Each structure stands twice: as C-alpha cells, then as structure tokens.
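Every chain is named by a letter (A, B, C and D) in the order it is written, and numbering of its residues begins at 1.
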Amino acid sequence: MAEPRVRDALNRALADAMAADERVVLLGEDIAGFGGSFGVTKGLLDRFGPERVRDTPISEAIIAGAAVGAAMSGLRPVVEIMFMDFVTLAMDAIVNQAAKAHFMFGGQCSVPMVVRLPHGGGISAGPQHSQCLEAWFAHIPGLKVVCPATVGDSYSLMRAAIDDPDPVIFIENKALYALKGDMPDPPAAVAIGEAAVARGGRDVTIVTYGACLGHALDAAKALASAGIELEVIDLRSILPWDEAAVLRSLQRTHRLIVYHEAVEAFGPGAEIAARMADIGFDELDAPILRVGSPFAPAAFSKEIDSAFFPSSARLIEAVRRILA
Amino acid sequence: MRKQKAESGPDTAQLPRWLDFHRSMHIIRQVESRLATLFADGEIPGFIHLSIGQEASAVGVCAALELADTIASTHRGHGHAVAKGMALDRFFLEILGKDEGACRGRSGSMHIADMGVGMLGANGIVGGGLPLAIGSALAHKLKGNGAVAVACFGDGAMAEGILHEALNIASLWKLPVLFVCDNNGWSEFSATKDVISLDLPQLARAFGIASRHLRGDDVVAVAEAAGQLVDAIRGDGAPRLIELHTRRIRGHFEGDAQRYRHDDAADREDPLVNHESRLLRAGVTPERLAEIAEAARGEVEAALQIARAGRAACAVGALDAVYAQRGAARYG
Amino acid sequence: MAEPRVRDALNRALADAMAADERVVLLGEDIAGFGGSFGVTKGLLDRFGPERVRDTPISEAIIAGAAVGAAMSGLRPVVEIMFMDFVTLAMDAIVNQAAKAHFMFGGQCSVPMVVRLPHGGGISAGPQHSQCLEAWFAHIPGLKVVCPATVGDSYSLMRAAIDDPDPVIFIENKALYALKGDMPDPPAAVAIGEAAVARGGRDVTIVTYGACLGHALDAAKALASAGIELEVIDLRSILPWDEAAVLRSLQRTHRLIVYHEAVEAFGPGAEIAARMADIGFDELDAPILRVGSPFAPAAFSKEIDSAFFPSSARLIEAVRRILA
Amino acid sequence: MRKQKAESGPDTAQLPRWLDFHRSMHIIRQVESRLATLFADGEIPGFIHLSIGQEASAVGVCAALELADTIASTHRGHGHAVAKGMALDRFFLEILGKDEGACRGRSGSMHIADMGVGMLGANGIVGGGLPLAIGSALAHKLKGNGAVAVACFGDGAMAEGILHEALNIASLWKLPVLFVCDNNGWSEFSATKDVISLDLPQLARAFGIASRHLRGDDVVAVAEAAGQLVDAIRGDGAPRLIELHTRRIRGHFEGDAQRYRHDDAADREDPLVNHESRLLRAGVTPERLAEIAEAARGEVEAALQIARAGRAACAVGALDAVYAQRGAARYG
C-alpha cells in the first residue's frame, strides 16, 4: 500500500492490536459482515472471526454499556458508534459508568475501552448525522479524548487508545477517512496528550485538530506568500490536551486562534482560550480568537451545510483581524 | 408467515377506494423512482432511503387516518409523508434542498416533515419517532380531539430500548397510538434475524397491547387491518400494534451496492403488482390502470419541475433561525 | 408564606403556569403522588389532577422524548429528571430532537418544553448523583439553559421557561432548594438571557450562577472588610448568557474570575473566559481566572465531597492572585 | 402468585446448607440494621437503600455462584455484596467512607464494589447493572472460563429500555447471564403496578429466555431455582431469568417517612422468620438458631468496630486518582 488512507490506518491499527492482544474485541452495528459504515473494520471478521468482531443489534446503550462490563472483566473492547450523534443513546454507560469506575471503585479496576465516534459534516447528512460533540466528553473526568487528523496519527493514536487502561473516546472525522498520507514504518509512538507542531511559524499560533488541520495548513500556505507565518498546532488529544505545547508556541507568536469544526460556543476551543487567558496572559499581544461552526444545527442543504463548516477563508479573516 | 385467506369475489363498492390505493402507491413509487435517478445523477446529496416495495404499508395505514391524526416516521419516510397528504411540490422542494421546501431545505429526505398534515417527520435516529408519537398521542388524549398518533419503526429498531419504554407507557397511560412496524427483514446491511432475538407478537402481548401481524404486500389487507385497529383505538383509547412484512426492494440507501445481500423475502410480492392483479381480477381494464399510473407519473413530474425551479436554500437567514424566539444575547 | 424557599417558588411558578395555561403538563418520576424527590411538585396533583400531573415509569428516554412530541402537538410539558446525572439517558430526545426541530423543520413548529434538572453536590450523593453538566446543553444550538440562584429568580425564570417557545433546560441546584429569600409581589419578570448584578464593586468581576452565588457573596463580604470590592454577577442564564452585562462589569473592574460548581475544565466558565479574552481583551488588567470543581468525579466520602466543591475560600485565593 | 407446593419432610442432608443460609441472612440483616441506626445517628451521609426483607434473594442466588462468577447489582446492593463474599470490614470501611474501604470511601453504599469477589458494584443508575453484566458475561464467554454473570434489577427498572436491549443481546449472543429481578412491588415511592404495564414472564418468553418466577421469601426455594438455572446456563451457555417476589420491609431509602405507603405485600413473609420455621420443623433447636444469629451479630459488630477505627478518606490523593494512567498534560 503506497499511500494509505486514514481509513486504512485505522483498520491496520485495529488489526495489529487484535493480533497483539487477544483481549481486544470489536463491537458495533454492521462492523463485521459489512465492514463498518465507513469501511474501517473491513476484513477483520475474516481474520479474527465472529467472536471477536461482533455485529451488534441497533442498541447503542447496551453496546457501550456491555463494553464497560467487558472491560471490567478483562477484555479490551473497541466500540463503534456509527455516527457521533447516536452517542446520545449511550451517555450513561460512558459518563456514569466507564468514566467513574476507576475513581469510584478506589482503583480496584480500570476500564480499558475505546469508543469510536465518527463526527463532522460536509456530506449533507443533516442535523442528526453531523455533530461534533467532543466538548461533552472533554468535560468528564475519567475519560480521555483524542482526534487524529493524519494517516500516521490515526494508526498511532488508535494503538495508544487500545493500550490505554482508561476509557478513550476516539473521534474520527468523516471527511478525513479517504485522506491519503504517509504511514511511517515502523509506525511512530504517539502518546495521548501530546500535540504536534504541524507547521512552524512566528506570527500567529493556530491550535486545531481533526478536519480543520488541513484547512489551517492551506491557510498557512496562502498567508505565507503574504509574509504571514502561521504556526499550526495539531492538538491530536483534546483530553488531556497539550497545554505546554500551546503555551510554548504562544511564547513565540504572542497571538492565538483556536480553530475547530465543533460549534464555537462552549466548544473545546473555549477551554484552550480560557486556559491561555490565564496561564498565557502575559504572552498575549492580541485578543484570543476562535473560529468554529456557527451556533446552529447542521442542515441538509448543500448551501447551508457548506456555509456551516468553518472554512479556511474564515480562518484567514481571523488572522487578519488578530494582526490588525 | 401465514398466507392470507383466499380473496372473496370482487367487491365493487370497494372499487373507488382500491383505485385510490393504486393511484397513491403509484405516486409514491414514482416519487421514489425519480429520487433514485436524481440521486444517481448527483442532484441530491446526503442520504436517500427509499421505501420501494413498502408502499402498501404507508398507503394502507394512512388510509385509516384523518388529517388531525399524526404520524412520526423513520429514516425511510417518503411514503408516510406522501400518503399522509403532503403536497408533492412541497415534498420535492424540500428534498432538493430548496428554500420553499416544507422545511426550507434543512431537513432533506431524512427529516422530512409537514406539520400541516400531521407528518411529524422522518427521523435520522432509529427509533426516534416512537417517543414523538407517544407525546403526540398524549396531546391528543389531553385535548380530547379523538385523534390517533402513529408510531412507525422498522424491524431493526426493535433492538432499541426506546421501543420497550414506548410500549410500556402507551399501555400504562392508554394512549391513542398505533405502532406500525415495517418489517422488511433488514437492519441496514444485516439481516434482522442476525441482530434481533425477539418475537414481536409476544412482545406486544407482554405489554397487553393487541396486535396484528400480516404481509405488507397487500394494500387492501393492510388498510383493512389498520382501519380496524384505528377504529378500536378511537373506541377505547388504548394502543394497538401492527406489523407488516414487506420487502425492501432497493438497497438500504441509494448507492448501496448490496454485496451483502442474498435473495431474501422473495415470497413477498411487489405491492403494486399485487394490487394490480386484484384490480384486474375485479374487472378493471389494464388500460385504466395504465392511465392512472400515467397520471401519477405526470403529477409527480409536474411537482418535480416546480421543485427544480425553486430557489436553493440559503445559509444567511437559516443560521439565524435556530430559535423560535431569540434570547437577549448574541448567538447565531 | 413569609419567607418562601426556592422549592416553594418553583412550586408556585408551576402552579401559576398551570392555572394560566391548560396546555402545561408535568411529567416525571414520583412527581405526582409523592410530590417529587425534592418536593417541588407537592400539592399539584391534588390541584390539577392526574391527567396533567403525571407519575411516569422510570424511563427517562421516553419521558423526555414524549415531551418533545407533546410539545410539537400543542402541549407545554415540563419534565422532571430526578437527578441531572440521569439525563444521560435522555440526550437523544433533548439534543437530536427537541433542539433541532424548529430549525430542521424550517420553522414549521417549535418545541415549548422545559426539562428540569437538579444538579450539584454537597450531600454525599456520590459520583452518579452530583454532576453539573450544563456545559453540555449550552453547546447545543436550539436549547436555552437557565439556572436560578434565588427565590425570586426561581419563580420568574420558571415562568419565563414555560412561556418560552423553545426547549429550555432548567437547572435547579439541590443545595439551594431549602434556601429562603424574598419573593417580590408581584413577581418580577426576568427574561432568559439577562444577568443580574448581585453586588456592585469596582475591583474584580465575579461571574457566577447557581449554588456558587451565595459563596461569592460571602467572599465579597469577607473581602470588603479588607477594602476589596467584588462585583458579583449572577448569570442566571447560561445560554444565551448576558455577554453585555459581563463586558460592562469588566469595563469597570478590568479583572475577571468565573466561578461555578461545574468541573472547571471545559466547563461553562471556559466560554465566558474565552469570549472575554476576545471581545474584552483590551479591558483586561490581569489573567482571567476560573474557579470550579477539580477534574474528578464527586465522591461519597464527606471529606472528599466537601473538598470537591469550589469553596469561597478558593474564590478568595483567586481574588488575591488576580490582584497580586 | 402461585403458592409453593407443600414442603416434603426435613432433608437432613441439606441441614448444613440450610444453617448456612440462616447464618448468611442474619449477617446481612444485622449489617443493614446497623446501617439503619448509623444513618439515623448521622454517622453515614448520602443515601442508604436497605434490602431488609429481600435477604433470601441475595443469599439464595449467590448460593449458586462461584468466586469467578460476577454480579452487577443495583442501588440496593448490600445483600449482593455480602452474599457474594465481600469481607465485612472492607464493606463497613467503605460505607463509613474510610480510606481503607474497598473503594477508598468514594463509592459508599450506592456504588459498593469488590472486584476480588466478582461484585461489580451496586449502581446509582436504575438498570445500570444490566449492561455491565452483559459485558462481563461476554468476557466470560470469550475467555471460556465457564463463569456466569448475574444481572440484578428491580421491578421498577423494568421500565428502562436497557432491560430490553440486554435481553435481546443476551439471547442473541447466548451469553451466560442470569437475570435476577427483585420484585418488591415498589418503584421508589410509587407502587410498581402504577408505572409498569408489562408481564415479565411473557417478556422473557418474547426473547426466548427461559425464566422462573417465584416467591422470594423462601431462601431454600430461591437457592434451588437459582441453582438449577445457573447449572443450565453453565450447561448450554444461554441466559436465564429469575423473578423473586419479595417485600421491601423498610422505606425506599433510610429517612423515608413512607407516608405514601399502605399495607402491601403482606402475604410475603420475612425470609428470616420463614427460614427459621423451616429449621425448627427440621428439628434444629431454637437455642442453636439463636446462637448462630448471635454469632452473626458478633461478627458484624467486630467488623463495624474495625471500620469505625478506620482513617477517613482524604481528598488530597483521591482527586488525583481519576485515571489508571495519567496523561501527558495537567489535570486533576
């Protein structure tokens, strides 16, 4: 495979984890025979059999809840919830059970499970199939939340998530599944909680993750010709997030924009901005800006759906504003 | 499944109604056939779930309903929308994402709704329509308006716990709701028998809900059963359930290559063909049937042309239209 | 009733709303015969009968979901979810259905429903009965979120919430139910989205809501004797929140602390801080600080539970830090 | 409910086991009686839900279990914890909020757990234990360890959709799980018949799950039925369900004034009294019974004294112990 896609990297990470550790099992709707709505689990049924690659009923609550019990009893389940929007049906298991268990039971057990949640819009899937709800999970002590944006990170973070003893919310961006990219051989180890500097620059720090990373890099390229150098930080992990990396960048650029696909208000960017308005305050030469989706549901209409996504044009506007 | 008992001789008093069924099913079939080509041609983005093969269910059930009755549908809701009385131009305008669409282009196929005819929406969430119908039935009951709410779900949705909660509360509160299960044997790309291990007749019985289970490929039988159940609901206010065994003739959604699919439900007929045989047996000429089908096609085409000429939905106003009443502060 | 409690004010607001509008109905577990776990609905069954005051099965998903359908069909349901933690079972109805309906159906209908969610700790109720999850709802376009902290506001905001055509998440703080206070006669009208200046001051702006309001006022009193004047803003509404009022105060004090019981990280305070680090940046003379619960679940143990709550002592520490 | 058939003559081979039941039930009763006074005296904050009157259920079911079996309980979980083998000092240390408690004082009564004996926790969420048991059963099945997972729920929990999802998946996947419904007639402050409109035997049947439904006030009958069901599960791996009709002798939680309560379930006996009569009829002397009860009291008191002398849980370490593995960045 010369240039694998994000989807292939995820598939390979799942396969490698399953080969390495027989406790790893997969649960989800149409993930076995069909290979998953986005093709991430293709071929795994044939390779690992129906005991470990399980098509479930359309029952998000029991899928997630059973994963908690299975993890408490020695398995390492990886759950696919077909669209992140459907996790609304599985919140008890994730928030009240998985997230609390290690703490609540005084460390008697941990809950090594991964919940895969495809998020994001841009495919006219409408208001109930497009949401980016990662801020919910980042607000819950006991969970970890990651969101890779590259082929390599998709592999490495999936391995890290499966190896992690705590419950990890693994967010996949639907628009990125087909993205091609390098897959280092051997794959790099990426720790949960570590950001990457996707592009160095001295003028403005852009903190981003997921589908917005590519748009941020586009913006950086466009602005470079105008002599403006963006430093683009790919957060990769949202909880815990790499405060030190963001602060380091801010010390260089003194200007911060947080950029993500989630709705701006009360979104993940709010935490990053708020935290930097505290510990990074003395470094700031300008207001902290955020660029996210507007405060509205996604819509079916192509026109509305594309206006909804925070484009690189909107980021460029924000850069101009922050440098004004 | 039990075979329907042999039909008694042609009932000419029923003929106008039967012809109506023929017409309605053809309209829906035609609507969806056009959606299939529009999707294939790239004129419609997103997801399109067609109910081709299940028209007798929508038409037969809605034949029992009045305007004031409400219906909460599934992701496969075109038939319900049209059969409940949604105007075709409003319908197409919506599915083509136009500003004049019933939902101003925001819902598209998967959430299509028309409150004016009591169509509370297709739903992007499997089982999502069930609680809406329960609530609507509660409203009917408290208003004492004699209306019935219809709760549609698929066989795959039987796995969702919300069905259990809905059956319990409907039975407990004696809500005027008709549960309608369109059992097409498929839960997306899985045969439902591979993901469901429950018997719906017994489940209904466990909740004390009277139910009927029949082939859904015979519109007359569906209309008769649904009519009796709706009458019974209007009579005593208590919920009923009907399960209709149908065939999903097309894929789960448009674009589905259906490689997972082997011959299934071959015994369930195409309801349009089925009904045409009946009408022919009843003495209607093939010409008459073709004429009606042709008129349906014309109606659909006319509506589609109106829709195509519509104005594309526009983000500017839309992103400000999130609330019925804006709050004091800036958002939007 | 000389000095009514918060619970009484809520009860009266429900009663008055029901008397004024027969479309108002109440749904919840043990709210009718028993009068609600926190006594908020006491006496309403006798007054309005079992058709309008309904004990439900223990089925949070259908309670909330039925309320959406009922609201779409002409009722004005007020739902009690016994503890906010249990709303994890009702997220689909609230987030995917109620919040989206007005927008998604092109304005054909609205969803006038109220979801009452008692939040907060301090009663050793443990990790599954103490959470403050309002940030989740504030991130969802289509919802409104309020959280009164006084007797008068409890009444007025409940009336406003019931009258509102949109779905309102009405958060009640368990520790405040027994709080006594003035009940203006006639009651004041409070618009959703309007903050109140609970105490004027020139040195530091404290933005707070819910149970923390009282602690903020305590801190203000304590600090006043040291010559430090806090301006305490009671947000009252979290979505939409009163950006203008906060900005006005910041223009006076130039220092901002956000203070709430919810976990600090990715909490509601993050949005307020982030927004002020943007539009209020030029006013700031010091880092923006936040004081919230630490990043952990609540616990049963009295000792852990009380250390968990963000005390006025922690607020005072933050004030000293921001003035240093 | 069907009356149990008249007992056959005393079976002396069973005596040691019967005496063990007597002892276990007394321990649980004594544990909970002490919790009641401790709560009344303000020594325990939060919520305490006692299972007084339901001891035969916990003891009878756990009599069928091995150490490797797992149990996921409800908010009313003391009996399950103790009957599954939790040491009394660990138990009391936890419920008194001590650092040496099984859960280091963080869970208290409502979440009490002891992984070492397969007690996966009481649960603050009604129905919350069901999916945990399903997952645990899946783990047992994949590991092929022959163990069974027990899923406890109350009659009130029958309203939660998660039960439906659990029954479906257990049946579909043939999971080694025993569903145990403690039917005490109450859903908190509501009589369950006022909020539930389903028949559990029929529900189990709808999912193809074999079930037994019996009085839960006779520990021998419970143990026998549970034993047969657990054997059957170990035999074929498929799930079973047992419903036990019991009486909640005390309030929903301690401090409940029970003004809503009228005489209920008066026909269901106190399982301790019931079992004592059996033992007396079997020829055990009243003195012997009193002696065992006294010894139980002593054991409980000793454990309680250890617990009281424990070190109060402390926030400092606790708030840093949220993760099994801290991430790279600051949180806590």
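As a convention for this text, contacts are C-beta pairs under 8 Å (C-beta built on N, C-alpha and C of every residue); 3 or more make two chains touch, one makes a residue touch a chain.
Everything numeric here is computed off the predicted structure, so don't read it as measured data.
Q: Report the chain whose CA-based centre is farthest from the CA-based centre of chain C.
A: B
Q: Count the C-beta pairs in contact for B-C and for A-B, then report the pair with the higher count.
A: Most C-beta pairs in contact, of the two: B-C.
Q: Go ahead and note the Å separation of the Cα centroids belonging to chain B and chain D.
A: Whole-Å distance between the two chain centres: 46.
Q: Between chain B and chain C, what is the gap in Å from one C-alpha centre to the other?
A: Here the centre of chain C sits 40 Å away from the centre of chain B.
Q: Taking each chain's centre as the mean of its CA atoms, how far is chain A from chain C in angstrom?
A: Those two chain centres are 30 Å apart.
Q: Would you kindly tell me how far, in whole Å, the mean C-alpha position of chain B lies from that of chain A?
A: 36
Q: Scan chain A for residues touching two or more other chains and write them down.
A: Chain A, residues with two or more chain partners: 56-57, 59, 61-62, 85-86, 89, 92, 96, 100, 103-104, 126-128, 141-142, 239, 265, 295-297, 299.
Q: At which residue positions does chain D touch at least two other chains?
A: 105-107, 111, 123-125, 128, 159-162, 165, 168-169, 172, 195-196, 318, 321-322, 331
Q: Using the touch definition from the top, list the residues of chain D that touch chain A in their complex.
A: 70, 72, 101-107, 111, 113-116, 120-121, 123-125, 128, 130-140, 142-143, 149, 161-162, 165-166, 168-169, 172-173, 318, 321-325, 327-331
Q: Any idea which chain C residues touch chain B in the complex?
A: Per the stated touch rule, the residues are 25, 51-52, 54, 56-57, 59, 61-62, 64-75, 77, 92-93, 96-97, 101-110, 112, 141-142, 144, 164-166, 191-194, 237, 239-244.
Q: Which of the residues in chain C come into contact with chain D in the complex?
A: Checking each residue of chain C against chain D gives 29-30, 33-34, 55-62, 85-86, 89, 123-129, 265, 294-297, 299-308.
Q: Please give the residue numbers of chain C that touch chain A in the complex, ascending.
A: Per the touch definition, chain C meets chain A at residues 61, 85-86, 88-89, 91-92, 95-96, 99-100, 103-104, 126-128, 131, 133, 135-136, 138-142, 239, 262-263, 265-279, 281-282, 284, 286-290, 295-297, 299.
Q: Where on chain D is chain C touching in the complex?
A: 45-47, 97, 105-111, 123-128, 156-157, 159-161, 187-190, 194-196, 260, 312-316, 318-322, 331-332
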